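Order of writing sets the chain letters: A, B, C and D. Residues in each chain are counted from 1.
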């Protein structure tokens, strides 16, 4: 297993390198630069800025400098955030997004798997239809609306939670729920579909013929076999949640990293773009690696030669 | 703003029949012969609504179908600065409240922010004269003439001025908002602000 | 022992193919049929919108801005005095097209790559999956702005842009299913009978990993519709004033408190579309499930 | 001495969209302690469904036991609560399924799948269960059992998996084992080994065995009494010898006729039974076999024949044989 992990880590680094190069190229190809404004800056000013940020050097040299910076753990500097380096920006914002995203992920998995299995076991009963209803509502109602509803009901109405901000645990609950709604619905539906298929397998009938408790049949025989698609989906969902969401962080005014990437792209903040893209790419590749490892743990037949 | 003259540009009022006459004069009595007009704008804030409003007016009043081209702000700025647009919607904010800052930069031939490529020697002459004039009243008179020239050539169409609304608690004293405020209202003269006990 | 001829009531079952039998059983599933009919009705309503509503989607009646639903405007009017019901109908053209075609592209790319990676295993799987990781980490907004700059902003560029990035989820899902299903015993048996790779993949593996794939598709439909709205923000896809459900919702954000219906009705339309796809998908899954075929 | 298991007038129907499938339509049979009986018939005649009905494992909601009694050790299994029934499964009655390829949980070790029943019925610890599993695997002839208990099903061959299934079935020393076509999937040589294994074990543990198969060769060698099923009911039953040498039902004769015999030079072509089993949704009036029966007379089409004793302990449900007109009797 460790040989497999080492190989995958090497591949991870390669993927990150390719992502960084492609991003670097795309950034410079895209129309408009960091200094483009309706009210054009004087050419001399633009030249001075380019010199300051090393944008006047040839493309490959700039990329080389960026890579060298990475080796020292420095993701480069941001043009819009003058006071902090990209690494600092990420390090300040990421814990908030991670805590929020992590809570939402755990919530989504627990609710999702529980609901999914219940819907599959009680097919075509009210639980099943409730599961369908919720998954549809959360998928078609935009996150923004859900966030606002939560605020109106729970903080303005019932004063249970503050309307936003960060710091106390009570400020995590509502945004986590808003964030977890869609993934929970998605995981519930995936679990249901997979459990339905697993329930019909012969070995479940064998388990029952041994007189095992329904609970044991459910967990040890049905759930474990139904987990493969759930785990597959959980990887990317985890990465997406942990790297923050633009909408939820905006509504609940949480200084996470959700908005960074989008802001950086629209501001053509090259330093910040490179930093956030690599950061996201690392987390998603890492999550997918964990999923592949989990495959081997869940299903012994999946062995990596 | 010094040099402000209320009746400049008053000749432009909403008048559909006159517009049609001008179109006919230009040989486009049948608007379908017009080339495809694209209206580019940065897709932020209320720009989309303004653009669609303009499109609706052109279509409903003159029957001209213009195509809207929303762009992200940097792409739009880049297109504007490189003249890569047919008809665009962009704003301007003065650095300091005086014609010296506006007019030459926007309408002087080859000026940095002259995105329309407008060039009128008459205006250039008046502009250089006004910039060198020390006597304030003469200076403003020159700018007044310069504005008149620009208005007659009409290289741009002024649509609206942004207006800011400020809610101030009664116990906050001394807030003086100016046209030059930055992101926060009255931030130009924050030193005058005092908080009364409440 | 000659056999008598009166075999009248012996029911000789015609040999159904997998898909033939599935269609027979799908037709019997009322919910799935309801879903299918809803989608067809919606498409017809979108196509024949001019017959259904007198209003055009772009006509601005500036005297009737942000009106609540009334007899004159069934679903009220938006910020520029345009009829929301008309925009919803015409918007269906964009959103249905986006919802459906992107899924075809997504399945078209994702299924084969996932199936090959899952089935082949070894280095093929590794290379394909690292490419998938690359696509996951890929800054799609940057590419999309570039596509807009080079290819312009039409609806085909939109399908291209969404399809390009959205197939990765399906690919990983199919691959995961294939890997555990591949080693399941009937596949070993099929392989023993000399079944070639593609034959096995199509006949044995895909039908058995259909459930989660269909679920993923039903969730991708609303996601594609919202992505379309995000992309039209950058200028790709339909341009104003052509409406789409996604852009109607994002326009409605600003006035959500005063005129909630601007967000409510498009969101409801998306919800109904997704329910239709969910029932259709569930029906299809049950119809194709080999275990359900007596 | 009362039989260990007595199935009386069992009816198990499946409610599907196409209609009600009468899979088991008024079937009765019995098994004595330690005895081996065989349930024979083409696939789809209701053999497996009747077995599953005994264990009340018929797939809800489609399948439902509509009528009848299943007396086991004097009490009716159908009257037991789910809790009591669950205590019977695996402990008193166990089953060996036909498909070793899919009947074992792919993600659980063989050892655990054997020890599960023990942990629950005999409340052994996992460790004790695994040790017992090792002994059971040795008993069913699996080499190096102490290592193999940690293997997964996909690491076992088809034959070995069936042996594991047998180990699971005998784990709690049940009084009755139902073997549902235990050897259909494996090749002939392994088939013989498995059947010998099952016979020795049932003898050693004095367990009753219901052997469900469509392979007549097996029946003759292992079963004392034979019940022939067709289209959801029993058409003939009696001692193996009687049924083999003096079949009283054309279907049984047909089955025997379509099996190559070693003890006779083969003169004539094997005679397959033409046609298909009737649709169980709307079974024909009268005898369900008459459509394929060459000897059917008018009454066969009008009235359904009942089982009646033709020779001592040898029953058949056929008007022609009950009227003594058995032309097919060439043996």
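Assorted remarks:
Throughout what follows, a residue touches a chain if its C-beta (ideal position, glycine included) is under 8 Å from a C-beta of that chain, and two chains touch if they have at least 3 such contacts.
Everything numeric in this text was worked out from a predicted model, so none of it was measured.
Highest inter-chain contact count (C-beta pairs) belongs to A-C. Compare each chain's C-alpha centroid with the centroid of every protein C-alpha atom shown, and the nearest one belongs to C. A separation of 43 Å divides the Cα centre of subunit A from that of subunit B.
In this assembly, the C-alpha centroid of subunit A lies 22 Å from the C-alpha centroid of subunit C.
If you average the CA atoms of subunit A and of subunit D, the two centres end up 54 Å from each other.
In subunit B, the positions touching at least two other chains are 72, 75. Counting partner chains per residue, subunit D shows two or more touched chains at residues 102, 106, 154. Across the assembly, subunit C contributes residues 145, 149, 180, 183-184 that each touch 2 or more other chains. By the touch criterion given at the top, residues 30-33, 36-40, 42-43, 266-268 of subunit A touch subunit B in their complex. The touching residues of subunit C, counted against subunit B in their complex, run 58-60, 79-80, 145, 148-149, 153, 232-235, 239-241, 251.
Across the interface of their complex, subunit A is touched by residues 121-122, 126, 129-130, 132-134, 136-139, 141-143, 145-146, 149, 168-169, 172-173, 175-177, 179-180, 183-184, 208-209, 211-212, 214-216, 218-219, 222-223, 226, 249-250, 253, 256, 263, 267-268, 270-271, 273-275, 278, 285, 289, 291 of subunit C.
Across the interface of their complex, subunit D is touched by residues 201-203, 205-213, 216, 220-221, 224-225, 298-301 of subunit A. Of all residues in subunit A, those touching subunit C in their complex are 11-12, 14-16, 18-19, 22-23, 26-27, 29-31, 132, 135-137, 139-142, 144-145, 148, 185-186, 189-190, 192-194, 196-197, 200, 228-229, 231-233, 235-236, 239, 261-262, 265, 273, 277, 280-282, 284-285, 288, 291-292, 295, 299, 301-302, 305.
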